[in-house]
Amino acid sequence: MEIGLVGLGKMGANMRERLRAKGHTVVGYDRNPAVSDVSSLSEMVSALPRPRAVWVMVPAGEPTRSVITDLAELLDEGDVVVDGGNSRWTDDQYHAELLGRRGVGFVDCGVSGGVWGRTQGYALMCGGDPAHVDQVRPVMDALKPEGGLGFVHAGKVGAGHFAKMVHNGIEYGLMQAYAEGYELLQTTKIVDNVADVFRSWREGTVIRSWLLDLLVEAMESGELDRIRGYAEDSGEGRWTVEAAIEHAVPLPVISAALFARFTSRQPDSPAMKAVAAMRKQFGGHAVLPSSSAVRPDTDAP
Amino acid sequence: MEIGLVGLGKMGANMRERLRAKGHTVVGYDRNPAVSDVSSLSEMVSALPRPRAVWVMVPAGEPTRSVITDLAELLDEGDVVVDGGNSRWTDDQYHAELLGRRGVGFVDCGVSGGVWGRTQGYALMCGGDPAHVDQVRPVMDALKPEGGLGFVHAGKVGAGHFAKMVHNGIEYGLMQAYAEGYELLQTTKIVDNVADVFRSWREGTVIRSWLLDLLVEAMESGELDRIRGYAEDSGEGRWTVEAAIEHAVPLPVISAALFARFTSRQPDSPAMKAVAAMRKQFGGHAVLPSSSAVRPDTDAP
Amino acid sequence: MEIGLVGLGKMGANMRERLRAKGHTVVGYDRNPAVSDVSSLSEMVSALPRPRAVWVMVPAGEPTRSVITDLAELLDEGDVVVDGGNSRWTDDQYHAELLGRRGVGFVDCGVSGGVWGRTQGYALMCGGDPAHVDQVRPVMDALKPEGGLGFVHAGKVGAGHFAKMVHNGIEYGLMQAYAEGYELLQTTKIVDNVADVFRSWREGTVIRSWLLDLLVEAMESGELDRIRGYAEDSGEGRWTVEAAIEHAVPLPVISAALFARFTSRQPDSPAMKAVAAMRKQFGGHAVLPSSSAVRPDTDAP
Amino acid sequence: MEIGLVGLGKMGANMRERLRAKGHTVVGYDRNPAVSDVSSLSEMVSALPRPRAVWVMVPAGEPTRSVITDLAELLDEGDVVVDGGNSRWTDDQYHAELLGRRGVGFVDCGVSGGVWGRTQGYALMCGGDPAHVDQVRPVMDALKPEGGLGFVHAGKVGAGHFAKMVHNGIEYGLMQAYAEGYELLQTTKIVDNVADVFRSWREGTVIRSWLLDLLVEAMESGELDRIRGYAEDSGEGRWTVEAAIEHAVPLPVISAALFARFTSRQPDSPAMKAVAAMRKQFGGHAVLPSSSAVRPDTDAP
């Protein structure tokens, strides 16, 4: 089929390539003319046969809202828009209504797979009206992995991004679990070679997984020795914890993984200043001056 | 090669089967005569050619100590004992010395793979003298998976069980991460079918893993609807957190997973009684009588 | 001074009493005629001299919004409204603008002290324009404790409720810390009498506090033996964690305390079902049927 | 009464002063001749009337064990030794038996109060035989606060240090709760002056406490602006979590507080390196080089 694709960054460009390799016609638009197939959003829309299908793959929040608002002006009754970005699921209903007023359908679609998706396929989690999902099914089939899994129509509008959000929340917990095990092996020095142990775990163990494979590759490439213990977060872990709080669901592991990332980005910790100050007040325990450039390696008994 | 195998429970019996299928001669001993090949530990030892190799596969703690103590009496210079159970790594040195005084070698070997190991192979994490590990290498090769991974000689005596302990600690964190995601999907009812979502995740996603596969099977079999939210722990998660505390390694996710299991086994929570009582004292907030048989389903705003 | 007081529940009625005891004139209105001084909100407004001051003490959310919307109709330029309820701080700006369009001032005021406030005074955390706070300062002075502390003008509109929200978040963490210590003493049975230990801590220790005093009272009254480990939450703990997430502030202790309350209210745990099911799948570990009425007291080694 | 006091550091010297002020005769011994009343442990013992009482106030572990071993040689039937240090409660039974073989009694006594104890009194938590506790009761009465609380005979040998250990575990949780609230106020900048808010909380609030008073003092003195977010731990928090794990007691808040201290002391986090490396592997997310001297202040959306 023919599809418009808005956003040709890391993810979008790879998806265009996979779709074309599978025989689909993709009209890609990006603000960056170097990667764009057309010079404007309206040119992209004009190039598509009706009913049109447009896949939006731009950053969540304002960029996605802006593109969808523009598309609501350009598209017509019977067309369909897929938001494949990492939008917060609570934004989907607004976008569906905005397009719905023009008779344009809307599908929210969480996409997983990262840079490996181009060759291995993307896992897709969709929400929306079944008729709208069907309109883009050939594209979904081309994007998803070969094995028959990796695609779900999770429910009504919003359910796709909600499922993707929970996927990412789980991802935070998994990564932190491996990371804690790594630190424990690395620090205690009881095993001779931490990378050898992790590599051996890739087969036969209960904890084998794709993330483990990736971590072993990072170890083997020396990556782990070159980088800082500093981890960003892209928002989906935050939304997961917020959704849990709203519904009174306890999330001790996923929230701990999120907080570990926050902490990793702090040059100094206001909270731990307060703890140190209280210890000094009641026990006369020593404190360190804030100006000291390097954290000492000492450890209390 | 020929090997004695002590302990023919769920794990031991499966391992005997795999070893025999790979052409090894196994003389198995178990206290239960129905599954035992010989009638006593000494009969087993007598049936083995020298230098003898004996694999111990009995519960950690007292049972393992007892068997190894008996073997120290029965074996001779040049023989070797493998402890394949879930022994605490801090026990290994004692066992190595006990046997070493008789000139008997000792290898500690963490074994992962559970009930699937018989067909898929067992992941093995060994500690000990290289010469002792070499004495049992044919058996290790037969037990491990086909793919070339799944075996590591992690270091000196104790390193094998230490690596296995950390493996299990990671396992706790991974399981809890999936479990929290499951609860969030199940409780919020935003996706139509939780099992469909999890099944789709088995391909193409960042979180695909063997544990995810198993969880999907449990969902598809209806298992999740029949059981209680009650999870035991077998000790390795506890030892992992204790090792981390000893070395000042922060383990927020693995400890949270461990505590979630503790909580799942409590018929009532003393701690939360204290919280409820304080809330009543300062704010006049309502409390529930301890005699009430069923927890209400209400939820505060 | 003269003040209107809307909402004569547990808190409001006590505050009316304290204000009258300090010589102020309070016209109280409540939907319940049995406790109300007047028969309607408008009658209350009419009874006040101009510029009028009205203190709103009704539940957060819809009830507060409704009362303030009505007051915006009834009051005039130069009057001032105080929201003394547990409103979410993000609601304050809306209320301030609603009233501001009529020239009516707005002060948000978090109130702590619970049922003890009538005699010991209430801690007050205010936000708003200094001129508006000054209009109700005599009432603030009468409500606050005698010691000179217990009052802060924390900043602009919203700062009062924000400070109160953080106060309550801290409160969650403190309560859970005492509760965990209680459970550890209670479960291990190493000390002879847990209440004696807690009582002794009321003097000379680092952990002495008002909450500790209250917990000891609950122990001495036998309350702890009569109630269930079931704790509600009133929303402020949730908002605290949400505010922290928005600003990338790690909150491991306060969030753990919040999640412990969520867990205490669950008749069964979906997450722990998933953990139990995975353990069974890979290790053949036993599970408990969901129908079993009583949680066994067993504990794994 | 007359008592020997071994160890005249920060705590011991203050206790000697308080005891003398209350009319007791103290013979103090310290390895440092500048503060010692006698030149040797045996000289101290000789200076005491029989039955003798000796209070040991030296660091936990090897120093305490060494002093008690020496005292077992020097003392006689009917004498009594008090271990007032922060010994791990599991050491107490060994010390009791060591002394008991000579007919010397043993009391373990956790002491709280820090540098304020000299004037305000020390909270004391004792374990041991009632007859042994009675032998030193005049000293206990002199050390404890005036108010009638602050002393408990918690149970058999070990119960005193166990109660003190749990006290300190609670202390970790309390401190971290205040610290998290401080960081949230400090970071969000929604209140104008964080110290003003904390100061106001000292009266009338639910969270008023001695630790809060101390934290306010640290704020007012500018201490918080001069120090690093770096907090040691003295062992009792670790033992608390270990005791909880042994008894399957969930301790989410106290363990989170402990781990926050561990993290505060790390110049870089191995675990977060692993997380960053995995994010790069699957998503191409940026990482920071380990060589960069300063952590950037950026924060992900």
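Note that the chains are named A, B, C and D in the order they appear, and that numbering of residues resets to 1 at the start of each chain.
Rule of thumb we're sticking to: contacts are C-beta pairs under 8 Å (C-beta built on N, C-alpha and C of every residue); 3 or more make two chains touch, one makes a residue touch a chain.
What you see is a predicted model, and the numbers here were worked out from it, not measured in a lab.
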If I superpose the C-alpha trace of chain A onto chain D, what rotation angle comes out, expressed in steps of 5 degrees from 0 to 180?
180
Quick one: compare the interface residues of chain C with those of chain D and tell me same or different, with half as the dividing line.
same
If you take the mean of the Cα atoms for each chain, which one ends up farthest from chain D?
A
Would you mind pulling out the distance in Å between where the CA atoms of chain B average out and where those of chain C do?
45
How many angstrom lie between the CA centroids of chain A and chain B, rounded to a whole number?
32
Spell out, as numbers or ranges, the residues of chain A touching 2 or more other chains.
114, 176, 178, 180, 183, 187, 206, 210-211, 233, 248-252, 256, 259-260, 263, 265-266, 271, 282, 299-300
Footprint of chain D on chain C - complex, ascending
89, 112-114, 117, 120-125, 144-145, 147-152, 154-156, 158-159, 162-163, 166-174, 176-178, 180-181, 183-185, 187-188, 190-193, 196-197, 199-212, 240, 243-244, 247-254, 256-257, 259-260, 299-300
Applying the document's contact rule, which stretches of chain B touch chain D when the two form their complex?
206, 238, 241-242, 245-246, 248-252, 255-256, 258-260, 262-263, 265-266, 271, 282-283
Where on chain A is chain D touching in the complex?
10, 61, 114-116, 175-176, 178-180, 182-183, 186-187, 210-211, 214-215, 217-219, 223-235, 252, 256, 260-261, 263-290, 292-301
